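In structure tokens below, several structures.
Each of the next two complexes has subunit A plus one more chain, namely subunit B in the first and subunit C in the second.
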Partner chain A sequence: MNSVEQQIRCFICENFFADDATLTGEVSLTRSGIIDSTGVMEIILFLETKFGISVPDQDAVPENLDSLNNLVRYVTAAQRKAS
Partner chain B sequence: MTTLSTSLANEILAFDRLEAADRIAATLKDQVVKTLRRRGIVLGLSGGIDSTVCAALAVRALGPQRVLGIFMPEAHSIDDSLRLGQLAADQLGIPTVLENITPTLEGVGCYQRQNWAIQRVMPQYGEGWRSKIVLPSVVDTDAYRLFTLVAQSPQGEEFRVRLTPTAYLELVAATNFKQRVRKMVEYYHADRLVYAVLGTPNRQEYDQGFFVKNGDGAADVKPIAHLYKTQVYALAEYLGLPKEICSRPPTTDTYSLPQSQEEFYFSLPYALIDQCLWALNHGLSPAETARRTALAEEQVTRVFADIEAKRRTTRYQHHQPLLIDKVREIDA
Partner chain C sequence: MTSHPHRLIQDSLFESARVFGVKEAVVSDGQRLTYADLLEKSLSLAASLQNLGLRPGDRAAVFMDNSVDAVVSIYGIWNAGGVVMVINPQTKPDKLSYMLADSGARVLLTSVNLLRIVQRGLVVRTDELEAPTIIVSGAGETHGTHSFANLLTAKEPRDPRTLATDLAALIYTSGSTGQPKGVMVTHQNVVFTLGSLTEYLRLSNDDRILNLLPLAFDYGLYQLLMTVYLGATLVLEQGFGYPAVIEQRIREEAITVFPGVPTVFSTLLGRTGSESGKFSSVRCVTNTAAALSPELLPALRLKFPQALIYKMYGLTECKRVCYLEPEEALNRPESVGKAIPGTEVFLLDPSGNPVGSDEPGILHVRGPHIMVGYWNKPEQTAQMLRPGRHPADRVLCTHDIFRMDKEGYLYFVGRTDDIIKTRGEKVSPVEIENVLHGIPGVRDAAVVGVPDLLLGEAIRAFISRVPGAHVTEREIRRACQERLEGFMVPKEIIFLEELPKTDTGKVRKKDLLELAPIFPSTQSLATSLVHS
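For the complex of A and B:
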């Protein structure tokens, strides 16, 4: 079983042609041009279907979704809350 | 306080209307006749401020008999669009053609594909329903603005649901048939008359990529793409265009429910977008901009970021087809 980080990284690299070698945990996905507004929607859908969590509108903020680290932190917290 | 809060608005409006109108008309005539070697101008008339001002400038450039206005209503158009378009054409004295594009849109499956896309997130959507896409405001929060579908049942009941990426992209792609079919019709008339096609984007739309590639984004000349939206309204008044058009708020007139440009794309009233765009283009800081608009500094910061993001993500819209090697004989 891949870690949350690996699964998200894999999705971002495959879906948005991000460079795996340079995609650090802190890189801003929007400011670096990896994703746009449609990309945000795709990431939310990925999180909801892959990890079985719900991402309400108020959670769709950069602090939760704009970097690999933020995504991992958000998913982990949401899973902990659900269990 | 009033002076401060409106000072940027005043600065945008501090331009010589006569000089602007004459310069655009002279340049437009030169471009159409000398550069493009066309004999007149074709443009779609929507009854909105941009197409009406463009028509007036085209008349100023070439005279009314060298300008053809085309009305292209479809099943979802507001009745006002045709009426106001006719009002403008009558005042300008230009010949017009009415082309109902509904059968063409039905033929390519525009409406059916729209319904299929919507049914992905709202299975009950169907005959007699109406809908639009809306975005929340850009100034109040740092949250990503997610597209919401607003639908109204035949009984008038309203439903809202967040769009999935697939539903959103399919809905927009199907809807883009409207702009592309209109452009096809404009080029039909341009070809038969040896006219140029005029595109009507103002600066906000051009800068922020608010157009459909090879749809309303396609044109031979775009005479008001350098003008802020508030300047277009000011020019409309100066040119004496119908008051009803001059006071009409910008609408997309694209979805079956009435939808403003603000709720679909810009997320802010056009006057404030103009002020922020002007400030960003002139190197003003968010703090300075806030002092001279009705926005707080953190709100300006968000708007600046949104403008930059839209520029980044819509760059594709402006690209010409890319070649592997330059063809020097043609592209020099």
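For the complex of A and C:
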């Protein structure tokens, strides 16, 4: 089983063609041009289907979704809350 | 408010700084810039740009995210006498390179997060032009570039003696030939248009305008220009990916004007639903770039209960053509209204004769808002600008088909070109097809727009492979992602053994458009066609 980080990383690299080697945990996905406004929605959809969590509107903010680190932190917390 | 007539776009900055001084002009990413600050910084930058060799009439490119520094850059260039060209931060290296070469930009102002794209863009340049001077925001001096922050310490610029008839901006827009065209506008064009727009939108200096759209898009740029023209406040965001953030911004900043395109409204209404309440501070909502679907309107009214909702239509070549008075929205739900104040519209048949009321005709526009032409493209200019009523008058032929009712209200009927409108952006199929044709293993490619609930139109690419080639959907998507802005990357890729063609070898796009709805999904469509 891949870690949450690996799965998200893999999704971002596969779908948005980010460079795996330079995609560090802190890189802002929107400001570095990896995703645009509709990309955010694709990420939310991915999180909801892949990890079985629901991303309420108030959670769809850069602090949760705009970098690999933020995404991992958010998904891990959401999973913990659900279990 | 004015003590003398505004001739140049930046005159209103001097005026707003004099009258409003410490009032907030621009709020972005936690920074709050007053009119006094904006004037001072833009003058310092102007002096530095002149010291770096920018001469009156030189083009200067702004390739930055929506930010305070982008705003300072725009007014700094005007204060130096330059011609502003704002480039969408999503632009990829090849296109950036094309735009810099096409415009002959002498200076490029960018930010540190986009520097990688700039460097790659300058490498692919094949022209003989001198590389532009590069100024980087968010970084110190490095080899070959200047620090934006360091350029804000200079003193007053020399008066560049700009005239109202001088070029103010090149606004790049997609063209049917596949290469973006720089729409040339003068200070006079813009100052007139600002007066007309702010008049019919009934805006004032009390307004707080939220702009989510890129400043490279004329609709986004004009939110800034209207703000400064009025002495109002602009809240500048970097996109609409996070509806919760937008919602928070509307409330915290007591936004009164909300400009959007249909995709922005569906994202906002779709994600935030009904539980997030109403935006009662907003008194003006504007839509353009694509028609607002009638289904969206009731939800929009609930969300913005105090707002006048404006439906508008326009093209970069004249900024805006028409608008529907909000009070008429219920009586004429399908109309985009009448010509903006101070301008005229009329419909002609293909031979140039007027058409009767309710008859379809090609929309033509007259007025001081019409562009001077396309930069370096006299033939394409001639297709759009026609002789007018006297030697100095020119008429803009929009190539869009409308009908006009007896009371003079306009109704959009269709386009005569195959430009796709997706997410409010104009996309040339040829530009995407050029990229597709460059991918090894692709024999033929054609791109069409198909109706899409969220995007307006979604981009669908049909591809036939070179016999024996195995190029995959993934390889094609990757190639597109590397060369095209996100909104231009096809949503669907469908492989066919042969593309349907006319006797002269042209792809029959009509046939492609008709193909799709027969099949339930992309995958099954591809399978059935390849194996049939």
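Assume the second predicted complex is superposed on the first by the 83 of 83 C-alpha atoms of A that agree within 3 Å, B and C clash if a C-alpha of one lies under 4 Å from a C-alpha of the other, contacts with A are read in each partner's own complex, and residues count from 1 in each chain.
To be clear about the criterion, contacts are C-beta pairs under 8 Å (C-beta built on N, C-alpha and C of every residue); 3 or more make two chains touch, one makes a residue touch a chain.
Please read these numbers as outputs of a predicted model, since none were measured by experiment.
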item	value
Clash or fit, subunit B versus subunit C on superposed subunit A	clash
First (subunit B), second (subunit C), both or neither touched by A:V61	both
More subunit A residues in contact - subunit B or subunit C	C
First (subunit B), second (subunit C), both or neither touched by A:L45	first
First, second, both or neither for A:F16, with subunit B first and subunit C second	second
First (subunit B), second (subunit C), both or neither touched by A:S83	neither
Partner chain(s) touched by A:S32 [first = subunit B, second = subunit C, both, neither]	second
Those residues of subunit A which subunit B touches in one complex and subunit C touches in the other	30, 33, 36-38, 40-41, 57-58, 60-62, 65
In the complex, subunit B residues that touch subunit A	136, 141-147, 162-165, 168-169, 309, 312-313
Residue ranges of subunit A touching subunit C (in the complex, touch as defined)	16-17, 28, 30-33, 35-41, 57-62, 65
Residues of subunit A defined as touching subunit B within the complex	30, 33, 36-38, 40-42, 44-45, 57-58, 60-62, 65
Subunit C to subunit A touching residues, read off their complex	65, 89-90, 113-114, 117, 238-245, 247, 263, 267, 271-273, 275-276, 423, 454-455, 477-478, 481-482, 486-487
